[in-house]
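In the two complexes below, subunit A is the common chain; its partner is subunit B in one and subunit C in the other.
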Partner chain A sequence: MNQLIYNFAVWLDTHTWSTQLHESFYMYNWVESTHVLALMVSLGMLFLIDLRMLGLALPGIPATTIAHRLNRPMFIGFSVMILTGLLLFYAIPVRSSQSLWFRIKVVLLVAAAVNAWLFHRRMKHASSNAAGNWDRAIKAPRRLQMGAALSLCFWVLIVICGRLIAYDWFDCRSEPSAIIATLAGCVADQTQF
Partner chain B sequence: MSTGVLGSYTRSIAVALVIGLGLVFAFSDARIDTWFALLPIFEWMETTPFGVIGQTWGAAFAVVEAIHLLAMAVLGGSVLVSDGRLLSLVFTDVPLRQVQDACHRPFVWSLLLIILTGVFMACGVAIKIYYLDVFWYKMLALSVGVAFVFFVRRPLLRHDIEHLNPQVLRLVAVASLMIWFSVAATGRWIGYSG
Partner chain C sequence: MRMIKRLLLLSLPLVAIYSWQAWGHHAFSAEFDKEAPVTLEGTVTKIEWINPHAWIHLAVLDTQGEAIDWMVEGGTPNTLIRAGIHKNSIPIGSEIIVRGYQAKDKRCEPACKANGRDLTFADGRKVFMGSSGTGAPKDGSDPRDSR
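Then we have the complex of A and B:
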């Protein structure tokens, strides 16, 4: 599996556009800045929804109103974030695919996506429920609160991992321990880093 | 509207005066003298426990950086929602006052967290940022943002919002969005400079 990912990353790395994007000071920085600014939009909306469910923000506004109204700007932000994130990966494919932090981040992203799907299902269920008079309550039902808390935890960890990708503590070229090397996807006799 | 010797325009005149003084300061030797005078403070910042931790423990610096970013996300969210409401883009069926008041608390908490984590990060790279123009632009943008919120936006919105000119509300929202975008963008640019 690691060999396959490495081969794919090396193939991406052979693209002229990948090299040009990586070596263009302004373009790379613009993409990265857009990634961070889109994160502010998407996570800003998501955090407000989660904090509302936990009763920590916007208590006067009905919870489902917040969730429904902020969904669209949140998804626009997420779309830009994913697009720029893919471009950032495309610019430095080998190192990114072999970054332990990047790999943890991807796992957490999948977990956050599953949690978001479950959260929306629970919210729909709670809204259609006859006892769904929780909309104006300060806190959402317990299961929704758990989903919101999990979402907050996942995203805090995702941002921390994203930030740590910039550090080279566990890079394959630094010859890490066997476990780290396997988790990071280091390949024997690899020539590109 | 606060009234004083200058009538209902006291606050406007005070703001104009501050901007005027700021411009005089920016284009005079006083700015350079102040910049030189601040160097010992930045040198001292690197010797504080924050500075030592920031310089020697990369993981701590990275985690604080991430918290700074998360706080920026909350601040961005609250600014977008409250200004979006002023521009009639979101929550149009929720009273304007309710949205503004609801967004102010997360805004203040996230701003405090941004400043706290920002001070920590600044201590770790104090001398580097001292010589970066973009750092001073960010500080200027942040100061303008804070002054704008607490001396212009909040006092204005404390009045009977329904009777305020909608164009003024839109202008306030656009100005607010531009200021906070500048804060975020200049902050990001610090990472690429030096």
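Then we have the complex of A and C:
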């Protein structure tokens, strides 16, 4: 599996656009800065929704109203995050794919996405049944609170992992321990990093 | 009670920002040792002119005459072009002197690693090749270091 990922990353590295982005004077800066600053939009909206579900923010406003109104800017923010994230990966495919922190981040992103999907399903279910008046309560139903709390945890960890990708503590180039090397996907006798 | 709860909640992001700043400002200290200044005089073997950091590889002769591989971190291609150097400014095989700080990981696998501050060419020209605002020591090499 690690060999497949490495081969794919090495192939991406041969692309001219990948190299141009990697060596650019301005584009890389724009992409990375946008990726970080778009957090304000995507996570800003998401945190407000999650905090409302937990009864910690804007208690006077119906919970589903906040969720519905902030949905679109949140998804615009996430789209920008995903696009810039993919470009950042495309610029430096081999090191990124072998970064322990990047791999943890991807796992957490998948977990966050699953959690979000389950949350939306439950929220729809909760709104359509007879007890649909949890909207005006300060806290959302227990399961939705769990989903919101998990969402907050996941995203904080995702951001931290994203920041740590920059550091070379576990880079394949520095021949880390066997466990780290396997988790990070270091390939024996690899020539590219 | 509500007021206290509000104040506590408000302080959370401030604490987060503060601790985040500390981390960001010590980006230098996360990887490099300010107590380990180095002056490397050697021959350029490889140039990686890439984002987020350019890397200059050079072979430095030790006291026994053995060539030790060093890799020195510089700024982004954008920062470097503003300092006056580009991808082709440092030919392979040229003699340069780099001053900087060695990495905290002193293992030299695959090469000894350092953070570069200034670079002196064979003809005496000196340029600042590092990054500003990373928390590196204020050693006078960064022309943007005013404080």
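Basically, the second predicted complex is superposed on the first by the 192 of 193 C-alpha atoms of A that agree within 3 Å, B and C clash if a C-alpha of one lies under 4 Å from a C-alpha of the other, contacts with A are read in each partner's own complex, and residues count from 1 in each chain.
Operating definition for what follows: a contact is a pair of C-beta atoms (placed from the backbone, for glycine too) under 8 Å apart; a residue touches a chain by one contact, two chains touch by 3 or more.
No experiment lies behind these values; they were computed from the predicted model shown.
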Subunit B versus subunit C as contact partner of A:91, first or second or both or neither: second
First (subunit B), second (subunit C), both or neither touched by A:48: first
Touching partner for A:173 - first (subunit B), second (subunit C), both, neither: second
Partner chain in contact with A:40 - subunit B first, subunit C second, else both or neither: first
Which of subunit B and subunit C A:65 touches, first, second, both or neither: first
When both partners are placed on the shared chain, which of subunit B and subunit C touches more of subunit A: B
Touched partner set for A:138, first subunit B, second subunit C, both or neither: neither
Which superposed partner A:4 touches (first subunit B, second subunit C, both, neither): neither
Partner chain(s) touched by A:113 [first = subunit B, second = subunit C, both, neither]: neither
First (subunit B), second (subunit C), both or neither touched by A:23: second
Subunit A positions touched by subunit B in one structure and by subunit C in the second: 25, 29, 32, 57, 163, 166-167, 169
Complex interface listing, subunit B residues touching subunit A: 58-59, 62-63, 65-66, 69-70, 72-81, 84, 90-91, 93-94, 98-99, 101-103, 105-106, 181, 184-185, 188-189, 192
In the complex, subunit C residues that touch subunit A: 9, 23, 27, 30-31, 49-52, 76-78, 81, 87, 105, 107, 109-110
Subunit A to subunit B touching residues, read off their complex: 25, 29, 32-33, 36-37, 39-41, 43-48, 51, 57-61, 65, 69-70, 73, 155-156, 159-160, 162-164, 166-167, 169
Contacting residues of subunit A [partner subunit C, same complex]: 21-26, 28-29, 32, 56-57, 91-92, 163, 166-169, 173-175
